[in-house]
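Heads up, the next two complexes both have chain A, just with different partners, chain B and then chain C.
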Partner chain A sequence: MHVIVCVKQVPDTTNVRINPETNTLMREGVESIMNPYDEYALEQALKLKDKHGARVSVISMGPPQADVVLREALARGADDGVLLTDRAFAGADTLATSYAIAQAIKRINPAPDIVFFGKQAIDGDTAQVGPGVSELLNCALVTYVQALEVEGDTFTVETHMDDGTDVIEGKLPVVMTVVKEASTPRFASLSGWMAAKKAEIPRWGAADVKAVKEMIGLDGSPTKVVKIFAPPVKTGGVRMDGRGDPAAAVEAIVRALQDKGVVKS
Partner chain B sequence: MSDAPIIIDPVACKGCKKCITACPFDALYMEGKLAVLKPEECRACNACVKACPFKAISAVEKEAPKGANLADFKDIWVFAEQRHGKVQEVAYELLATGRRLAGERGCQLAAVVLGHGVMDAAPHLIAAGADRVYIVDRPELAEYEADVYTDALNQLVAKYKPEVILAGATAIGRAFFAKVAVRARTGLTADCTALSIDKETCLLHQTRPAFGGNIMATIMTPNHRPQMATVRPKVFKMAPPDPKRSGETLFELLDLVAPSTRIVRTDKDLSGVNIAEAEVIVAGGRGLKKAENIAMLERLAELIGGVVGVSRACVDAGWVTAARQVGQTGKTVCPKIYVAVGISGAIQHLEGMRSSDTIIAINSDPNAPIFGVADLGIVGDLFEIVPKLIEALETKR
Partner chain C sequence: MSNATKITTDILCVGAGVASLSTALSLLRTLKAQGKPLPRVTIVEKGRSVGNHVLSGAVIDPEGFKGLLTEEEIAKMPIEARVSKESFHMLFNETAAMKIPWVPPMMQAHQFPVGSLTKLTQYLAQLCEKEGAEIYTSFAVTELIEDSKGRVIGARTGEKGLDHEGKPKSNYLPGEEIYAKAVVLGEGACGILTDRLIHSKGLHGCREQSYAVGIKEVIEVPADEARTGEIAHTFGYPSDWSTYGGGFIYHVSPTQVMICFAYALDYARPEKDPHLMFRQFKAHPAVAEHIKGGKSVAYGAKVIPEGGYYSVPEVVADGALIVGDGAGLVDTLRIKGVHIAMQAGVAAATTLAECWDKKDFSLAALRPYSDRLKATSGWKQLKRVKNVRAPFSTNLALGVMSAGCAWATFGMFPFWQVPMAPDHEEMLPLKGGKMPEPPQVAASPTSPDRLTDVFMSGTIHDEDQPCHLKIKDRAKCEECIKKFGAPCQRFCPAEVYRLEDGHIHVDFSNCLHCKTCQVKDPYQNIEWTFPQGGDGPRYTRM
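Take a look at the complex of A and B:
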């Protein structure tokens, strides 16, 4: 069994802010991390390694320094990693990204058993690249996976739907996107880190994965960002200081609830 | 680099750094007294082109790709998602917005239903604003399967060539719409919070939050069709149905691919609470300090006929399951009343609840951003105020 996990290096978005005066991103001191949902995807892959001896390959697309997230994955137990990096990929939207990643997967293995993604990346929040890759690899897709079993060439997953859970069965190969409920990611061991630090991580550019120019980067991206701005700031309504007079504050809340008809007057 | 989306004229550049301040992507830096582009960061937004006082920066005009004739594409479609045979509310929300967009564009609005035993959905969709309803009624479409749904919608798109298609950003819509967009080789914008038709270009302006809601971006798909977007449930409001509206219904017969997967079982969420549907929500955050204090909110929620929601901090801390999470990575809610207790109001949380009708916030930090969206903001200690509030409400029963 050979599984491939796609991981992304993302800014820790809880710390990204926009400067309201210049309308620019303030990213000084914002740390880069492995996309948290990808950690759950990796964990599912590593469980298949524990149970079935699967080979786990990891792939990331990003700037040269994104090799850090691949090393982190290796340290946790992945077998090999590839960094997809090329200026020509820059400015890619989800279509161009899906294409580049699908091309790289085809080079690693034209017929992997499972390709894992996190349900979405916390910077873009689109959740579109996993499904896009399934389309380009021409294989089945299951999304929002929270539990997984593989028996021979059959997989069974529990998927998280808006109104509950679906249990879905199918044949490999499959692309799946994984949610947080799936499992707690393991920590890397010290020896894992030592080995990962020294590991050779090949860097592939557009030519290495036979990506055509019209399909990558800005040229391959149908969507264009035309404007970026800070979210509108609301001024808020009535403000009360409940520290001095909690009784008055409670009374105000009760009145507001009565106005809305959820509490009897 | 010849592929760079902008060109900086080294003679005209005076090193004023205005472009560096203007660039939202950190794609420019100074080398001596000259601005230099990092092409791998540049998104061709042209903010620097406008910012340069010396006209030293110019955008590289890219020719529109040949191929699809854009003028062949017309009308706005809404994918009317059904689950277990029932058209989901988000479809009606999208039809209300689609109606407005069709007015702005001067075109027709259609709804598309994929399912089985859904023949009677049409009148409701027409009353909600559709001029036309396409129904594909087949046993293999009864429940969602990525390949079959992608095939069905793609065949309809190829046949009728809609200019715009919208879907709910649900578990289903988000997944298979991405496949449809890739198959059609067109653009798709996820989780839009505002949609409009640009007067000049007639293109769909799609506005969405990014970076956890810390910034907003407006996105267009200028040279590819259809222009596709998803919108989260409860972001747009439903319009009251107009039973007098008329429209046509087309039953489509399609040959579909075989499904790749099959649903073995469907389990309804038995915790029973879908916070996205709740009319009253009492939400707690980090300020609750520990899991046991959720019980206090449950009592408050019970007294005012609501359910308990939480901010991401409570889920991360393992106090409650993610099903209760309000916010951009959780659920978007739009209740009549939202009581925020000990929630400071990170943007990603505010994005998920800001359209609530009435927001009451209790927080000890007078500068907490939650007060910015609150209709009634109480600065104070929740451990003092909430018990007193519970006491007061108990006497009203």
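Take a look at the complex of A and C:
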């Protein structure tokens, strides 16, 4: 079994601030991390390695410094990684990104058993690249996976939907996007990191994955950013301070919700 | 833990702070310049990224760069400002202040770099990695490994993925063992392993280490090019006359002011609240004008070793060297330690380079580090002000006078060793048996409350893990509540300790790893242990 996990390096948005003048992210002091949803995807892949001895490959697309997320994946147990990095990829929207990644997957293995993605990246929040790649690979897609079993060439997944859980059975190969509920990602060990730091991580450019110029970067991106704006700050609302008397604050909240008909009295 | 993964390296540095990194950088460069084979240097840091647990003013005495960084590297340092204007203020009460007409000569810092130590640390880390040092973050080194003769031969990392009862979770990761020819302890102020080693090997200085807690914010202010590089120091209010305390205000860029208040932990009144004092300090008109129209954006706290010369331990043990703040290498008068940390690193590196070359890491071969440290300019300064700190515990005026005398006589006066008791013994019982209500300070963008500040520190701990702040004996808590009114709820700058229904609740997730509780708890009933590696504050611009 060979599974491929696609990971993205994103700014850690837990403490991020927006420049009020330009509406862009203030980068100062913002660290780069592996997209948290990709950690859940990676964990599913590593479980298949534990259980079925699957080979786990990881791919990322980004600037040269993005290779640290691949090393992190190796430190946790992935077998090999490749970084797609080329100025020609810059400015890609989700379509051009999907194409570049699909091309890279074809080079790693034209017939992988499973390709994993996180459900979405926390910077763009589009949730489009996983589905885009499945289309380009002409491969089945299941999104929002929270549990996975594989037996022979059959997979069974539970998917996390708004109104409950779907159970889906199908045949490999398949592209999956994984949600947080799937499982707690494992930690990388110190010895794992030591090996990962030394690992060879090939860097592939557009030519290496036989990407056509018209399909990548800005040229391959029909999406154009016309304007960036911060949504207006919501006003109004009531602040209930529960530090003095938490019980009274809870009561007040319940009463307010009842008045609005959100919960039954 | 016999089945733990065993890793072998040559030099293991615990903590990726300035002292450790200076050691690694200088060691690798020294050997490279001599054309010698290079050792494997492994640096292990508990913060999630390098610099996350580093906090300082920081006005840096450039003496430290000598022999460590090239001119080009100094020019490229990620520190924007140089000190252009200095002033010194005495604050009498909440409104009155007097600008001292001259800056005391020992405090002068003209053209010294001023900026974020977090960023400088990250820069040093990059230089180290370029020379081949390996840095691993998010791993807490929780134990030193000794052989049967008591020689330090390595260290153990902490487990990860334990639940609140200490049972393994699905992502449990066992600790690992790293063996090395020598271990460099660069844990920073109040280092847990360092203090354990000092106690077990009897390496104490002449007197116990004493500390201050430093509380700091970065405040973004409307742009003012003209003030960049301006620094101001204050003493007096809101400290009481018998406690060493003071403030720092540094304009590190046109839009950023770093503001810090340090309060000595040998204070006597249990109701003292350093965070609240920090807010009173910021509200003082002489201080407020520096941060007018601004907004606090980052927060942190850390203890500062203040014991000086007499509190420095023996810095060499069999198999281990102690560098930086962990050894208390801070010039007590100027509250400057970054340059001594760097010099200690170079001194340690020179020694380790010799050891590596001669393949001899015996105690005798490690010993010269101690002498080399004592030959540095930083150490000489430490000696010159060796008795400056102690008189301040009695009275501010006495402190100022003796500081002047010590400076003028090159440290010869006072010629006796002025005694000081350990910080935790200095607390007096509550007056009238009741904790007084804290003074009220109005919240504002430059004066956030404590929990808002904690949020801005970025601190985070997995809450499903054993509480790392261990209360050894709950009965002592009851006694403390009666006698002192539970001072932990006031001295902790992160609101970790809460008195509710007559019990102390420990919200360890707020912890800033500052160690104030470990130092100041009057019963020494709080044991600071290591949370999961990677947890704790996430300072990025401290």
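Please note the rule applied: the second predicted complex is superposed on the first by the 229 of 265 C-alpha atoms of A that agree within 3 Å, B and C clash if a C-alpha of one lies under 4 Å from a C-alpha of the other, contacts with A are read in each partner's own complex, and residues count from 1 in each chain.
We take it that a residue touches a chain if its C-beta (ideal position, glycine included) is under 8 Å from a C-beta of that chain, and two chains touch if they have at least 3 such contacts.
This is a predicted model, so every value here is computed, not measured.
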{"item": "Which superposed partner A:212 touches (first chain B, second chain C, both, neither)", "value": "neither"}
{"item": "Partner chain in contact with A:111 - chain B first, chain C second, else both or neither", "value": "neither"}
{"item": "Which superposed partner A:162 touches (first chain B, second chain C, both, neither)", "value": "first"}
{"item": "Partner chain(s) touched by A:31 [first = chain B, second = chain C, both, neither]", "value": "second"}
{"item": "Greater chain A contact set [chain C / chain B]", "value": "B"}
{"item": "Touched partner set for A:260, first chain B, second chain C, both or neither", "value": "first"}
{"item": "Chain B versus chain C as contact partner of A:191, first or second or both or neither", "value": "second"}
{"item": "Residues of chain A contacting chain B in one complex and chain C in the other", "value": "14, 17"}
{"item": "Residues on chain A engaged by chain B in the complex (per definition of touch)", "value": "11, 13-14, 16-18, 22-25, 27, 63, 87-91, 93-95, 98, 122-132, 134-136, 139-144, 156, 159-171, 174, 177, 179-181, 214, 217-219, 221-231, 233-243, 246-247, 249-254, 256-257, 260, 262-264"}
{"item": "Contact footprint of chain C on chain A as seen in their complex", "value": "14-15, 17, 28-31, 183-187, 189-191, 193-194, 197"}
{"item": "In the complex, chain C residues that touch chain A", "value": "5, 7, 44, 49, 134, 136, 139, 157, 160-161, 169-171, 173, 176, 178, 297-298, 458, 538, 540-541"}
{"item": "Chain A partner contacts - residues on chain B that touch it in the complex", "value": "1, 3, 5, 21-26, 39-45, 47, 62, 65, 83, 143, 146-147, 150, 170-172, 174-176, 178-179, 181-183, 185-191, 205, 209-224, 233, 260-270, 274, 276, 280, 303-306, 321-322, 328-329, 336-337, 339, 346-348, 350-351, 354, 357-358, 360, 362, 366, 371-381, 384-385, 388-389, 392-393, 396-397"}
